[in-house]
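You will see chain A twice below: alongside chain B first, and alongside chain C after that.
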Partner chain A sequence: MTRTLAFTREQLRAPFALALLIAVPALFVAAAAGVLADFARALGGGLAGDAAASLGAGWAAAFIAGSLGFFQAASSRGADRRLALAGAGPGRVAASRILASLALAVVAAAAGFIALQLRADIVHPWHAAAAVLAFALIYLSVGVVIGSVVDGALEGSLAVAFVFLLDVFSGPGMAESPAPYSVSRKAADVLIASGLGEASPGADWLKLGAAVTIALAAALAVFAYSARSRL
Partner chain B sequence: MTEVAVDTVLSVEGVTKAFGHGPPWHRRSVEVLRGATLQVNPGELVGLVGENGSGKSVLMKIVVGLLARDGGTVQRPERLGYCPQQPLLWDKLTVAEHFELFAEAYDLDGAAAAASRDGLIEELQFVKYLDYRVEDLSGGTRQKLNLALALLHDPQLLLLDEPYSGFDWETYLRFWEMAEERRSRGMGILVVSHLLAERERLTRVYELRDGRCEVA
Partner chain C sequence: MSRVAVAARLGFREQARRPLLLVLLVGLPFFFITRAIANTERLPRLVELPGGGEVLSNMRDIHGADMAAITIAFLAGLVGVFVMQSAREADRRLVVAGFSARQAIAPRLLILAAATSIVLAVSLAVTALSFTPRLWAPFIAGNLLVGLIYGMLGALAGAAVDKLGATYLILFGAMLDLGVVQNPMFGSGAPPAWAPALPGYGAGRVIVDSAFSSEFHAWGELAVGCVWAVALAVAVVVVLGRLVGVAAD
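Right, the complex of A and B next:
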């Protein structure tokens, strides 16, 4: 508990990062929905109207959560490993770091969702909120995984951007036939459906839950593995 | 890792380590350690010197568990203190919060942790910085915190990697007094440096050359 609270305080003491966490999703949703729809049409996708605004909220929350997840894991790596080796253990340090970072994902998702609510008429707002949060959690995990294994800030942030771009441009709404490897596929399906005023089937929710769980578990495992003792 | 015999707190035997460089189709291996062997007994203050790039910090990281070794054995106690060359701290956390985190990691109870912390900040004279964030500390004060965290749980073996870089003269002298006081209480201490000016204070000095330790 001491550890998780300390790591959370550490994040709250970076006011510029917190401001970006709120500003980026909000501005992206407010400004980019029309451009996204044009872009999707050019790529052969059918994204338009409130569905474009909804998906934009998810992507914005995802990108900022992924970037911050990466920098949280990478910038504190040395100190976190020292603490793990001092007796805290890699698993517990990993859990505390990820729990503390969840606050970032929640803030990014809330900013994106509130902007979406202000801009579009969403029939199933709780569905949209859950899907935006899922986007943020999945990308937070992607950021933590990359931050646990990639040393350089430049290489790591490029890796996060690469995963994001690949995911976005091959995912539902953008591509004519979405790629099966798209990490946020189910989150995008649910979010687009909510933007179109449709409820998602139970199977989609189960798959979305599984995707979020697998992403967080992978982040925990990779972080803990990278912080283990090599003795 | 294995617990060491009663009369030895650190035993490093024939440790080897190589690093690979270059792309997979043109991989080159650089051997940094080629059978490094050294020993530290309780109550000994041992030095490890060597040129820049000789592998001193690599050997230290292997003993701590930050790096995997390719061969050889390392035996060390469970209660170990490690003061890395570059302070590994969280910029946004305060000095007091660092002590809290490490006290929990070392499994110290509240009273023992507070007594140890108060003694160390008094000894190293940085009481007034307790509520400062690390990002607001000078390099020397960061180094004091770095050292204090390694000593918080009164370890059986203390590993110091260039511990006094950034210290002013007064703190440098106090550092050696602290090291000698702890040695007299039975702590085994290994000090790594590229330059050891205080050889008369040391029980033994190893020189790391060509990947091997020789008694200098």
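Right, the complex of A and C next:
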């Protein structure tokens, strides 16, 4: 628990870090909700009702969590190995890292979801909350995986932005037919359905659960690899 | 060789050791501008020009006109963030070693300008493949202003908050300013009454005017953009000078 708190504090110790983690997704949802439907139409997609605002909340949480994941992975390199060698063990260090990342991703997702609730009248709020969280967790993993292979902070941030923008332009709602490589496709399907006032079928939930599980397993594996001894 | 030249050479050598950065600075604009324009439908859209005129265009052309500016703002802003972060760490040592604060920060600003120029050149070249503005010279000037303004905003964000917070500020700030508020694809086709309060207003209006009008009207907006760029440049020099100078005390 102490390690998890320390890893969480590590990302929040800079001035305004927590405020930005909350304010940025909330502001994005409030400002962009009105224009996303027009944007989707221009790209040949379609987002009726509150689906555009819902998708905006998912994207905001996704980008925040992706950057967060990248910087968590970047800061875990070297330091976690020393921590593991000092007696904490790679498994426990990796578990603490992933728990700290999850806690921060939950904060970003909650900020996006609360802004969405204030902005739109969502019929299935729990579905929307789960889908926004799924966006955050999938992108947390994207950021962590990028952080494990890219060294520089600038290159890593650009790589996260690259994956994010690729996903935005090719995902459900924005493209006429979503691309198979859209990593947040299932989260977007559930989120759009909740914005339209529809419940998602069980198959969509299963696929979303599988996507989130794979994403978290990948992030955990990266943290465990970072913490393991090379001796 | 002067100290500034030595530090600049070392700074550029540091960037040259990061081939992925160059790939991303060239590849990202190419990929996103071509993709964004190609994927946009030709839905009719009325655009309000500076000076009060209106022109009937379409969503694809408007996206073509503004996508370069959005991309340049993102990339120049992020480069600004990390150039400043790097300066905070390394340039303090240069000042301790005898460099003046100005000698230490001038190379950083050169690197920021060089990266912005690369992004600007690639973005405009890629835009030219799919969209031709009516007036190239002010279109280039507007996009250059966007790069300078956001590059320096990134540098200030990098000085004020940590990497993570600065990344959030720049990406969402650029998206909201140039991607939403100044973007004629949305709303009435004209920026809202409060849009001039944002840094991208002047440059954004110069871009819109030069993209769709055969006669340039946005002199006032061009002046606004230049004032933003100069004010931010002064702020960056002062803030960065203090950051590296304080360490030497």
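Operating definition for what follows: the second predicted complex is superposed on the first by the 218 of 231 C-alpha atoms of A that agree within 3 Å, B and C clash if a C-alpha of one lies under 4 Å from a C-alpha of the other, contacts with A are read in each partner's own complex, and residues count from 1 in each chain.
To be clear about the criterion, contacts are C-beta pairs under 8 Å (C-beta built on N, C-alpha and C of every residue); 3 or more make two chains touch, one makes a residue touch a chain.
Predicted, not measured: the structure shown is a model, and the values here were computed from it.
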Touched partner set for A:Ala175, first chain B, second chain C, both or neither: second
Touched partner set for A:Gly78, first chain B, second chain C, both or neither: first
First (chain B), second (chain C), both or neither touched by A:Gly202: neither
A:Arg3 touches, of chain B and chain C: first, second, both or neither? first
Chain B versus chain C as contact partner of A:Ala86, first or second or both or neither: first
Residues of chain A that lie at the interface with chain B and also at the interface with chain C: 11, 13-14
Of chain B, residues touching chain A in the complex: 1, 62, 64-69, 74, 76, 82, 84, 86, 88-90, 92-93, 97, 100-102, 104-107, 133, 149
Touch list for chain C against partner chain A, complex: 18, 20-21, 24-25, 27-28, 31-32, 35-36, 39-41, 43, 59-60, 63, 74-75, 78-79, 81-82, 85, 160-165, 167-169, 171-172, 175-176, 180-181, 183, 185-187
Of chain A, residues touching chain C in the complex: 11, 13-17, 20-21, 24, 27-28, 31-32, 34-35, 38-39, 41-44, 60, 63-64, 67-68, 71, 150, 152-155, 157-159, 161-162, 165-166, 169, 175
Footprint of chain B on chain A - complex, ascending: 2-3, 6, 9-11, 13-14, 76, 78-79, 81-83, 85-88, 229-231
